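For reference, the structure discussed in these notes is given below.
As written, the chains take the letters A, B, C and D, and residue 1 is the first residue of each chain.
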Amino acid sequence: MTDVLEADGAADEAVADVPDGATVLIGGFGAAGQPIELIDALRRHGATDLTVVNNNAGNGDTGLAALLKTGHVRKIICSFPRQSDSWVFDDLYRSGRIELEVVPQGNLAERMRAAGAGIGAFFSPTGVGTPLAEGKEERTIEGRDYVLEYPIRGDYALIKAHTADRMGNLVYRKTARNFGPVMATAATTTIAQVVDVVETGALDPENVVTPSIFVDKVVLL
Amino acid sequence: MTDVLEADGAADEAVADVPDGATVLIGGFGAAGQPIELIDALRRHGATDLTVVNNNAGNGDTGLAALLKTGHVRKIICSFPRQSDSWVFDDLYRSGRIELEVVPQGNLAERMRAAGAGIGAFFSPTGVGTPLAEGKEERTIEGRDYVLEYPIRGDYALIKAHTADRMGNLVYRKTARNFGPVMATAATTTIAQVVDVVETGALDPENVVTPSIFVDKVVLL
Amino acid sequence: MSDALSKDQIAKLIADDIPQGAFVNLGIGQPTLVADHLDLERGVVLHTENGMLGMGRAAVGDEIDEDLINAGKIPVVETPGASYFHHADSFAMMRGGHLDVCVLGAFQVSVRGDLANWHTGAPDAIPAVGGAMDLAIGAKDVLVMMTLFAKDGSSKLVEDCTYPLTGLACVSRVYTDHGVFKITDEGVRLREAYGATMDELRERTGLDLLD
Amino acid sequence: MSDALSKDQIAKLIADDIPQGAFVNLGIGQPTLVADHLDLERGVVLHTENGMLGMGRAAVGDEIDEDLINAGKIPVVETPGASYFHHADSFAMMRGGHLDVCVLGAFQVSVRGDLANWHTGAPDAIPAVGGAMDLAIGAKDVLVMMTLFAKDGSSKLVEDCTYPLTGLACVSRVYTDHGVFKITDEGVRLREAYGATMDELRERTGLDLLD
């Protein structure tokens, strides 16, 4: 059953039970699909010792970067931390105050998909023969080389969708879809911020991207 | 580039190059999504020594059952061959004239998904400890047991969608969607029969289920 | 002593145990009776593994649409808030443990929750599994609905399954005409007996049932 | 002897080699120049790994929409027949070998088609890979667009990559300012030279280039 939170402070209410030590999947690719209000709420909430999974490691001084700056993130799992404006992360990393696991973007998506789909591990074609496969199990199958990758599960997923119905079905908008649908399947508790909530039945069942079963809380912002 | 075939005999033209020995993925679950005209065309085409992948093994005397009856199918990979009206398959099987690989339905779908997604093999939670896991590699990962499953690739996929645009983007209708989108990704050549073809641009990009990249031929019936 | 339960009474018992808002898959056959006792418009959401959440009741008359069927290939209707998805997504949903409850029939269930429901083991039977093995491992709670005794009088709740297995240690509760049984780490606990006493059930099943 | 090619000329050369109807991913940086020479309305279909087929040119003015960006996070427009999908589907599309062509930049390419384009190997560099490794193995043809020589004059087409690898034996052709090179089982074949002779290129690269 999905809770729809609409009152002032809904974002804070939604993340209030994130415990210290949680693994939090955070959607978005660039600004598109970034659940910035939920990230800000998580920062205010103050849970510590977090592991964060995102494609990047924060930009500028807001959103994920601001969360990192609190020092409450122990580890980040991402594909592309280093950017022109990732100075918050860069500083934490170079001074040894944050742990980094760099994962090829497709493995990152597929490892979360595996978590959501009950796959124990999978042989991936990506990364074979590279430094990112070091120490990993490799296998040749039908003449092609693969590396064994394991699921990435979240305790929470914070994602941004466009419209939800009151049951929690979600649709996205353009490339802001990115990691949202995958992360929603990979977390124990999925919280989606949206810009619109419609009555149940108002979304065409053919076009639902994330079925309500994957969504625990909807925050209307 | 997707060919849209609309003339009389389009179904026959679409399957004309299926060679003997091909593996053909055939969509449908019950009557829903069954590409019956393409199956009939494949039967008329007469390619032999086929391996067919479908959820079932034919019903009554039409469609897949009629194809099996030609004796041109060497092997069938499916999850549920035995049904009240699967007498064509039953007879072939009991008289040793067709090979059967029974695969749990979720492994069937996931193995085709793996083929389409470039996954070399995956550890599945389904079937562990059962006769269908015999002889397969097993592994315990984080306390749970899994069995290693390999991709199922098709040379051809014959599927039924509802509407295509002229580029080959597809949308389906209700539970007739079933195996179509997965099979489209898993075959070298995907042929989709549809009941409607619209101009490119007429399908909402948010709602495309099978992007045109996976579709080689569209047959309007 | 109460009477043994009818199929419909068992179905009602199961429905009463399913919480509001749960996502549920009802296996083909007897488990579909459970739907008659669920609120499918505002309460429980039914999943059908051929690619739908929000499945409604069986379709009648003009509602029948060959593109809208359930896993048993019966025409059904859709409820508000439904969604469609393809087979790989549908089974990923199951296998990933997102369903709250799955209700299945069974030939046998073992005291450790092993399930046998796909194959009689008859040497001339054509094997056919469908989604049985995915359902067996694919819900937080796997409930079995069956008669407690086979036609020959033997118990279908057993020490070890003799039929080919569908899944290992996957069943959490067994609902039968003669009682509801919880599979626990300590053993099988009888929640309630119908048409028989605890001692009679111990004797007829041959199991050390816990109180 | 013709002049060495400008970046734009290299991009044009690549575009001319991409067949009508091809599904293509252009990597971040120089490869995006290739788009200027492609017919994106009716011919080639661009994939962007953040979840779109049918990507158009860069958006300008009112077209700019923060929800519609490419893998380089540049606002773009959509072309008729576009479709959106999530990251796992997008990378499955790549990794499954469905793209016809991918064009990437490179630090180095080896004579066997090994690619190094994600990491300089500098000990203090923060590693960041993005989709580079998925793209390297994710198209039927992986084309590299680069200058043939580094700023220090060393060849970027090498016997063995000294930079950390992105993918093994994945590159099929290398387009540079001084020539187009085909990676074949027999060795590297020079298709055409620009601003240098074959012998000069052999000498400056130190490679046994085939004619």
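To be clear about the criterion, a residue touches a chain if its C-beta (ideal position, glycine included) is under 8 Å from a C-beta of that chain, and two chains touch if they have at least 3 such contacts.
On a predicted model such as this, the values are computed, not experimentally measured, just so you know.
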| item | value |
| --- | --- |
| Each chain counted as touching chain B and chain D at once | A |
| Separation of mean Cα positions, chain D and chain C [Å, integer] | 53 |
| CA centroid of chain A to CA centroid of chain D, Å | 29 |
| Length of the line joining the C-alpha centres of chain A and chain B, rounded to whole Å | 33 |
| Chain D: positions in contact with at least two other chains | 52, 78, 84-85, 92, 94-95, 137-138 |
| Contacts with 2+ other chains: residues of chain B | 110, 113, 117-119, 124-125, 172-174, 205-206 |
| Overall pattern in which the protein chains touch one another (line/ring/star/complete/other) | other |
| Interchain pairs in contact, sorted by label | A-B, A-C, A-D, B-C, B-D |
| Residues of chain C defined as touching chain A within the complex | 20-21, 23, 45, 47, 52-54, 78, 80-85, 92-99, 137-138 |
| Chain A - residues contacting chain C, complex | 1, 113, 115-119, 165-167, 169, 185, 200-201, 203, 205-206, 208, 211-214 |
| Touching residues (chain side chain D, partner chain A) in the complex | 48-52, 65-70, 73, 78, 84-88, 90-92, 94-95, 114, 119, 124-134, 137-138, 164-168 |
| Complex contact set, residues of chain B against chain A | 110, 114, 117-125, 139, 141-142, 144, 146, 150, 171-174, 204-207 |
| In the complex with chain C, residue positions of chain B that touch it | 29-33, 55, 79-83, 90, 93-94, 100, 102-110, 112-113, 124-132, 145, 172-182, 209 |
